[in-house]
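Next up, some structures in C-alpha cells.
Each of the next two complexes has chain A plus one other chain: chain B in the first, chain C in the second.
Presenting the complex of A and B:
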C-alpha cells in the first residue's frame, strides 16, 4: 500500500519495481481486506449507536438509506452528478500529493474556478454562441484554479510558506471574494437573493442523451484516466514521485525540484478549477453564498481514502457522493438532519485512516 | 474616537474565541501535532456549552462542557495521529466532518432555544479608565478568563516541567525516550489539553458572543486559529495580539456600516487572511526556523507515504 511504486532512489539507472505474481498479491491483500471490513463495520456500529441515542432505529434507517439511495433512478443520477466535481477536486489533491505536498485549498480553487467561469458568462453576456462560451468558461476556470494554487506554490518556493497553511488561508480569501462579488457588483438585483444572474441555457453543460446527468462525469473520468496515465507513464509523473519520495535525492539527481513542485500544484489547482466550472455550469448555474461548499474538503478526504491514487479516487468519490445523497434520504425517512451523514463519513475515514494499515513507523 | 473604541472592543470580544483556540493549538503544535480539527473542536464546544447552558441555566457549567467536548474531539485526533500514525491534515478535516455531523444531529432541537448567556460585567475602577476601560474591562467573564489563560499557558510552556516535556516532545522526542518518558503520551495529552481550550473558545461563541446556536456557526474561526499560531511563531503572547487583530478586522465592517459608510463587509473580512499570508511570506524563513522540529517534519514531508 504505497503511493509510489517507483523506488525513491536517485542514482541512475533506476531499477524497475519488483513484480509480484497474482497469487502473491492476493495473499498479501487478504489481511488488508479483513482490516477494511472490520473498519467499515466499526464505523457503522458507532453510527448506529449514535442515532439510537436520537431515537432512530438503525435496522430501519440503513435499509431505508440503501433503498432510497440506490433503489430510485433519480438518486442514482444525483450520485453521478455529485461525483463529477468530487472526482476533480480529489485529483487536485492527488497530483500535488505525488510530489509530497498537501493541497488543502481545493475549496478555494473550486470557488475561483467558478468565479472565473461566471465572469466569462457575464462578460460575453449572450454575444457569443453557447458552446463557445462554455469552452471559454472552462479555460478561464482552469486558469483561475491554477493561478490560485500557484499563489501557494510561489509562497512555498519563494518564501518557504508551507502550502498546507497557505492553501487553507486562500480558501477564505476565495470565499470572501465570492461573497463580495455576489453581494455587490455581480448581484442580479438589489432586492432579491444575493446571487448572480442564471447562466444562459446554451452555455450550460449539455446532458448525456436520455438522462438528467450532465457531461461533467465524462470530463471527470477522462481527467482521471489522463492523470493516471501521466503520473504512471510520463517523465514528469515519474519525477514527481521521486521528489515526493526524497526531494534531496531528486535535487542531487539534477531534477528541477522547484519547477516540479510548482507544476504539480498548478495542475492540481487547474483540476479543482475545472471542478468549479462543472459545478457552476452543470449544477448551480448561478453563484450564491455557500456555492460549492465542502467540495474541496470532501475531495481532499476522498483523495486520502483512495491513498492518493487516481483510479481508486473514482470509488472514493462514489462513496462520498452516495453518502451525501443518502443524507438527503436520512432527512426524509428518519427525520434526522441531512448533515448527520457527516458522522458516518467521518467514522469511515477515521477507521480507514487509522486502522486499515499497519501502524506507521512514528507519528 | 468612538469608532476606534468600538472596533477594539469588538476585536477583543470577537477575538476571544479565536484566542482560546489558538492558545490550545499552540500547546498542541509545541508538542509537534497540528490539529486542523480545532474547527471541529470549537463547533463541538459551542454546541455542548449551549446545551448544558440551556438545560441547567448555568453558563459556567456550559463553559466546562464546551471544554470537555473540545478535549474529547482533540483526544480522538491525538490518538489517530500519534498512536495510529495517520496523516494530521486528513484526520483534522475528518474531525471537522465528525463534529459537523454530531452537532447537526444533536443540535437540531436547540436551534432557536433561548439561554441565559454570559453578559458583560464592568470591573469597578479599571472599567472607568478612559479608552482602555471599555475595551478591556467591560467584557464577559470568559474574556476575563482569557487574560489569565494567556500568561498561564506561557508560564506552563516555558517555566514548568510539564511545559518542558511538551516542548521536548515537539523538538527532540528522543530526549524524552532516553529519560523513560513516552513522547507519544505527552503529545496525545498536549493535543487533548489544547482541545479543551478550543472547546472553551467555541463556548465563548455560543454562550457569550452570539448567544444562539446554529449549524456550522464557527465559520472558519478554528482554521484561523491554526494559521494564527504559525503567524505568531508558537508564542502565546503573540497569539494574543494576533487574535485581537483578527477580531478587530472582523469588527471594523459592522462598525463602519453602523456609521453609514457604505462598505462591502467582505472586503474587510478578507483583510486578516491576506495579512496572515503576507506576514507568513515576510517572516518566511524566520517562522520556519522557529517551528518545533517535529512540526518541521510534518511541513517538509507533506503527507507521508502510507
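Presenting the complex of A and C:
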C-alpha cells in the first residue's frame, strides 16, 4: 500500500502568500504603467487625427497647449481656481460610491447649492456683515445639496428607484428651477442678460494673500483630507465599505443598511452643494444660464478617473481643470472650437477606464 | 512508447481485455507556482465504473479538464482506443468519444429537453426537432434513462436534469462518460436511481468515471478507484474492496482522521428554547410560498438537524430564524426575543454560518481581518475609529481556540478559495459565545480533516449550552451529530425523528414527500 502516514494534524496550514521584493513588485507594476501609457498615447493619437482633419498641425498644437497652460502664471491660477469646485463635486461621487451607489446628480446638487447661497445673499441683502453672510451661504448650500440628494435617497429606499436615474433626472429639475429664478423672481433687470444681482464684495470668498486664487482650493483640499480620513478610519466609513462591497452581508451583520445608504447620499449632496457655493461666491458671483459649466458632470468623471478614491481625486481634478484651461488656448492659437478639448477629455477618460481596469484575481 | 501522435498502439501492445478505453500516463500540469497535477496515472476500461477520489484541491478537476480538452497538459501522454492523442478542445474530446457531465448542470431552463440536446449536437440536423425527439425517446429507453423529450427543463427535478445531461453526452457519441460529483445535488433516492443508470451503462460496455469524496458511494458503485492527493496518484486503479475505510481516508488525506465523538447529552426539555418558530409561513425571493406553517423548537444544548432536498425551504427557514426574512404568518423568537429584524436577533445572541458564503458574507475588496470585524456585534470603538488591535486579538484568540487555521489576516477574502473562505466565516461565527447557532451546510468546501474539526466545534458549542440548528445535505453527518432531525419537503416539515429513530431510508422517503 502506497499510503504515507504522517502525524495527524488538525488542518494543513495555508501556504503563506509569496513575499515579494521591491524589485518583483516593480516588475509586477510595469504592465499597469504600460497600460496607462498606452491609454494616454491612444487618446493623443486619436485626438491628433482630429486636429489634422480640422487642418491644424498636432506637432504645433500640443506644445502650444502645454505652453499656454503651464507657461503662464495666469493659467496656473485659472487651473487652481477651476479645481476647487471640481474636487468637491468629485468627492460628492466618491462618498456614495463607497456605499455602492452612483450619484449622477452632482450637477443638480451644485446648482441648488448655488441657488441656496444666492437666496441667502438676496434675503440678507447687506443687512449682515459679509463673513457671516458667507458662512450662512455655506450652511444653506450644504443643506440644499444634501436635501436634493436626499430626495433620490428617499426614492431609493421607499420606492426602489435606482439612484443613478433619480439623481440624473433631478439635475434637469434643478436646472429648470435655476432658469425660473433668474428669468422671474431673482432677475436683476428686465433688460440685458437674465442674471441675479452680483454678490456683495464682503460676502465673496476671500483671495489667498498675494494671488488671484480664492480660498476655495483650501476648502476643497481640506474636504479631501476629511473624506479620506473619515472613509479610512471611522466606523461609518468602514460600514459604507461593507454596504458597498456586499449589502446583503451588511444586512446580515445587523448594519442599518438604509440609513447608511441615505447618509452616504446626503454627505455626497452636501459636498456638491458646497461646490455650488464655492463656484457662486468664488468665481461667478451671480446666477446665470449655464452657471457652473457642468461642474457636476465633470466631477463625476473625475471621480471615475480616480476610481472613487479621495486623494487621487486631486490629481483627476487637476487633469480636467488643466484640460479645460488648455481648451481656451486651442481656440485662440489653433483656431479650433474650445469644445474640441472636451473630445480629448472624453478620449482620455475612456482610454484610461478601458485599458487600466484591474483583472479580478482568485487564489 | 515513442509512437507519433495518432499511431496505432495495438501494433506493439497485445490486444485483449487489458487494453483500456482511455489511458493517461505522466500527466503534469502547473498553474503559476501551483503544481496541480504531477505525473498522474489514470485509465478507464470499457464496461467499468471507475471512481476518482480525492479532497478539494487534490487535482481531480485539473485531471478531468485535461482529459476533456479544456486544459493542455505540460507533460504526459493520453491514449484513446490505442491511439496516442491529446484533445485540444472539448469538441475534439467529444469526437474521441469522451463526454462530461459537469457538477453545475449546463442546460437552458426555458427550452425543452429536445431543444437542449439539439443545441449540443453539431451539424445541420438542428431544425428536425420531431425526428430528434423520436431519437431521444429511443435512446432514453435503450439506456434506461426516463426522460420525456418535450418537457421543459425548468419543470424537471435536479435528478431529471442530470439524466438529460447524461443522455446528451451519450447522444453526442460518448463511450467514456465522466460524471463530476453527480451525487452532491441529489436526494438519497435519486442517488439510487442514478446508480441504477450507471450500472446499466457499464453493462452496455460504456466506461464511466465518477468523481466523489464519499466512501460509501465508492463501495456501492465503483469497480475500481483512483485516489489523488496533492496532485499525485496515491492509489491507481485499485479494487476498493481490498481497502478499509481508514486506509482509503488516509490515502485521500495523508493522515488518519479521528472519529467523531457521538455521545449525546440529555437535552433539558424544560429549558426555555433558544429558537421558537411557531406556525410560520413566508415567501421566497421569487414570491412563491417557501415556508408553509412551520413549527420548530431548538433548546439550549440541543442540535437539531434539518434534512431535505435542496430548495425545500431550508434557506428561508434559516433567514426567518435570523430575522432576515419577513413572515406572512406566525412568530419567531430567539432566546425569548421576537425576531423582527437581524439586529435584534444578533443582540439576542445568534450566530450564523450562511448558506451562500460568497453571496451572503464575502464583501468585495475587504480583508480577512475586516470580515472578522463584521460579526454582528457593535464595532469596537477606539477614539474616533475602530479598535483594530482588539479585533486582531479577538481573531487570533478564536483561531487558536477553533484550530481551523484561517488565512493571513491581510488577504482579501474574495481572493481565497471556497474552503478558505468557509474557514474564516466558521471561525468568526463559531468563535462567538452564541446562544443560538444557525449553521447552513457548515462543512461546505472543506477537506476531510476540517470537516471533522468543524463538526467537533459544533458539538462543543452544543456541550457548552448553545442551541444549534444545522442544515446539511449529508445524512450521515446529520445522523451522527443531531439530537433530532426534522425533514423538510416543499416548505413543510414532513417529519421529525428522534435520535433513536434515525434511519436513512426513512429520512429519504420523507425528503421526497413520502410517508415515514
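In this section, the second predicted complex is superposed on the first by the 329 of 363 C-alpha atoms of A that agree within 3 Å, B and C clash if a C-alpha of one lies under 4 Å from a C-alpha of the other, contacts with A are read in each partner's own complex, and residues count from 1 in each chain.
Everything that follows uses one rule, which is that contacts are C-beta pairs under 8 Å (C-beta built on N, C-alpha and C of every residue); 3 or more make two chains touch, one makes a residue touch a chain.
These numbers were taken from a predicted model, which means no experiment stands behind them.
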>> If we overlay the two complexes on their shared chain A, which of chain B and chain C does A:336 touch? Say first, second, both or neither.
In response: first
>> After the superposition on A, what does A:301 contact: first (chain B), second (chain C), both or neither?
In response: first
>> After the superposition on A, what does A:184 contact: first (chain B), second (chain C), both or neither?
In response: first
> Of chain B and chain C, which one contacts the greater number of residues in chain A?
Replying inline: B
>> Per the contact definition in the header, classify A:354: touching chain B only (first), chain C only (second), both, or neither.
In response: first
> Regarding the shared-chain residue A:164, is it in contact with chain B (first), chain C (second), both, or neither?
Replying inline: first
>> Between chain B and chain C, whom does A:104 touch in the aligned arrangement: first, second, both, or neither?
In response: first
> For A:238, is the partner it touches chain B (first), chain C (second), both, or none of the two (neither)?
Replying inline: second
> Which of the two partners, first being chain B and second being chain C, lies in contact with A:116: first, second, both, or neither?
Replying inline: neither
> Counting only touches as set out at the top, which of chain B and chain C does A:172 meet: first, second, both, neither?
Replying inline: first
> What part of chain A is shared between its chain B contacts and its chain C contacts?
Replying inline: 1-4, 244-245, 361-363
>> Could you list, by residue number, the parts of chain A that touch chain C in their complex?
In response: 1-14, 16-18, 233-235, 238-239, 241-242, 244-246, 248-256, 361-363
> Which of the residues in chain C come into contact with chain A in the complex?
Replying inline: 33, 234-235, 243, 247, 250-251, 254-258, 322, 324, 342-343, 345-347, 352, 354, 359-366, 370, 373-376, 379, 381, 384-386, 403-408, 411, 414-417, 420, 423, 447, 449-450, 453
> Which residues of chain A touch chain B in the complex?
Replying inline: 1-4, 50-51, 54, 96-97, 99-102, 104, 155, 158-166, 168-173, 175-177, 179-180, 183-184, 244-245, 297, 300-301, 304, 307-308, 336-347, 349-350, 353-355, 357, 359-363
> Which residues, counting only chain B, touch chain A once they are in their complex?
Replying inline: 33, 36, 76, 79-87, 89-91, 93-98, 100-102, 104-106, 108, 184, 187, 215, 220, 223-224, 226-227, 230, 264, 266-267, 269-270, 273-274, 276-277, 280-282, 284-285, 287-288, 299, 301-306
